[in-house]
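Both of the next two complexes hold subunit A, though its partner changes from subunit B to subunit C.
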Partner chain A sequence: MTVKDLIEKLDLKCLNPVNLDAEVTSAYACDLLSDVMGNARSGQVWITMQTHKNVTAIASLKDMPAVIIVRDGVPDDDMLQHAKDEDICLLVSKDTTFEVCGKLYELIK
Partner chain B sequence: MHYTFTIERGNFADAGQASSNVKRTLKQLGVDPASIKRAVVALFEAEINAVAHAYGGTIDVDIDAEKVMMVVADEGPGIPNLELAMQEGWSTASPQVREMGYGAGMGLPNIKKNTDELKIDTKVGVGTTVTMIVKLV
Partner chain C sequence: MQFKADMHIHSVLSPCGDIEMSPSAIVETAKARGMDIIGITDHNSTLNADVTRRLGEKVGLHVLMGAEVTTKEEVHCLAFMPTTEKLAEFQAFLDSRVIYFQNDVDRFGYQLVVDEEENILDQVQHLLINALDLPMLELQQEVYRLGGIFIPAHIDRPTFSLSSQLGFVPSGLKFHAMELSYYCKRDGYRFLEDHPWFSDLNFIQSSDAHFVPDIAKIHSVLEMPFFSFDNFKDALRQGEPVIL
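What follows is the complex of A and B.
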């Protein structure tokens, strides 16, 4: 499954359409930044409620192609700009973390 | 090669710029991705700590064929009990810092795990200097 498929299947809003052909085989759901720093793997999609620029910084450092912000979170302006600068696909879901994880797990397990 | 960066007091938004620059440079030099990742994870954590727990400072990065050495020096409160601070889960992060998703007490353990050499010099009321070396294979 690609990021593009993910957007369609999970009905996500896409704020920065890049990495659409990146293959999604796994994800990491966490709001603790140092946990993501320590334990997320490159290629994973990051599911979080955090909406500030350090998220895109970490996603970029860890080579994560996309970030899904849950519960209709609104990214800070500088986060959106940073996603564009660093080529991170920024996605928003109306669902909670639990629901996003459940749906995604069904799709890629 | 030598690079210097400044860490501004309280500036979370720009923290991560040094790590991002170092990543780009190491990539251009053809360093293997695993070593790059280790270096930037360690540098980012140290950078954030200087913003979150201290009053900013400087970053010095030296890259040669064998290693990358990164020194993050801050002016700040220092770390009264380093042994405790190194333990996973220990944190004195403020409520504002926690709201941003920091404060898990995992930064220093992440630094330890991702470096080949780590030295932390800290003096209460003066500041902290974190020296990190990642060997390049």
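What follows is the complex of A and C.
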């Protein structure tokens, strides 16, 4: 499963089309950035409703290829810019965290 | 001159603030415990701040009028305004960003606006502890535009803090100081040692009192020639204002 597959299968809006061929084997769903810093793993996709630029900074730090913003969240301007600077694929879902996690789990379990 | 300050105190306006936390009780207790300056910081509202300032004036206690704002990221930030006019403007700004959720008094507690004699003037209807539709950076910019003081609250705490919600200080964010909680540096609590990227900042330390016995259980010491809002602001930025 690649990021590109994810976009199609979860019907995601892509705001920064990079890392499309990156392999996705797992995900981390959390809105506490301190917890993500501590516990997310390289290669995971991050599911969150935070739209602050520190999200993309931590995704970069943890070598996460993509971030899925749930419930049609709108990234802050500097978050989008930061995603471009740091090559993080920024995705938006209309679904809630629960729904995104459930669908993604079915795809990659 | 040295001034003792407890800059984070909740009144009966905060749903979690004890019913005994009237402005008069806060002023009386802080004064009795040797404070020179206090901050009145209810959740997302400043409506008991001016009455507390007037009560403080009568007994020689300086009261900084502010609020503890919950941003969109669920980061708690202290904000103080220099005048009652700016305070009103700031209050209107906060009100414009409320995500309305009716307060349930039985679950969350009363949110009371009171006068100097503890008469109830109003009850705030929406739950004040909810996050506002307001990014932290925008809050900071508005506080600076109004000439106020901006201090991210209890940054060492595992909930509702800059460290828990955002991991580290975002680039571009301005602040006059960071606040440490009562717990920092106590009982083997090693926040600054374990988070060295937070250690090189200007700090104050405050009680975050919700109950009368907690008022001034810890304070900061600030050096300034005489008290004024601007001197206080400068004192936060200069030197080492904190006693830990």
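Simple rule for what comes next: the second predicted complex is superposed on the first by the 109 of 109 C-alpha atoms of A that agree within 3 Å, B and C clash if a C-alpha of one lies under 4 Å from a C-alpha of the other, contacts with A are read in each partner's own complex, and residues count from 1 in each chain.
Following the convention adopted for this analysis, a residue touches a chain if its C-beta (ideal position, glycine included) is under 8 Å from a C-beta of that chain, and two chains touch if they have at least 3 such contacts.
Computed from a prediction, not measured in an experiment: that's the story for all the values here.
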Which partner, subunit B or subunit C, touches more subunit A residues: B
Partner chain(s) touched by A:62 [first = subunit B, second = subunit C, both, neither]: first
Partner chain in contact with A:47 - subunit B first, subunit C second, else both or neither: neither
First, second, both or neither for A:89, with subunit B first and subunit C second: neither
Contacts of A:78 with subunit B and subunit C, given as first, second, both or neither: both
Set of subunit A residues, in rising order, touched by both subunit B and subunit C: 31-35, 37, 50, 52-54, 57-58, 78
Contact footprint of subunit A on subunit B as seen in their complex: 12-13, 15-16, 19-20, 23, 33, 37, 40-41, 44-45, 48, 100-107, 109-110, 113
For the subunit C and subunit A complex, residues of the former touching the latter: 72-74, 135-137, 158, 163-168, 170, 172
Of all residues in subunit A, those that touch subunit C in their complex: 31-37, 50-54, 57-58, 76, 78
Interface residues, subunit A side, partner subunit B - complex: 31-35, 37-38, 42, 48, 50, 52-55, 57-58, 60-63, 78, 86
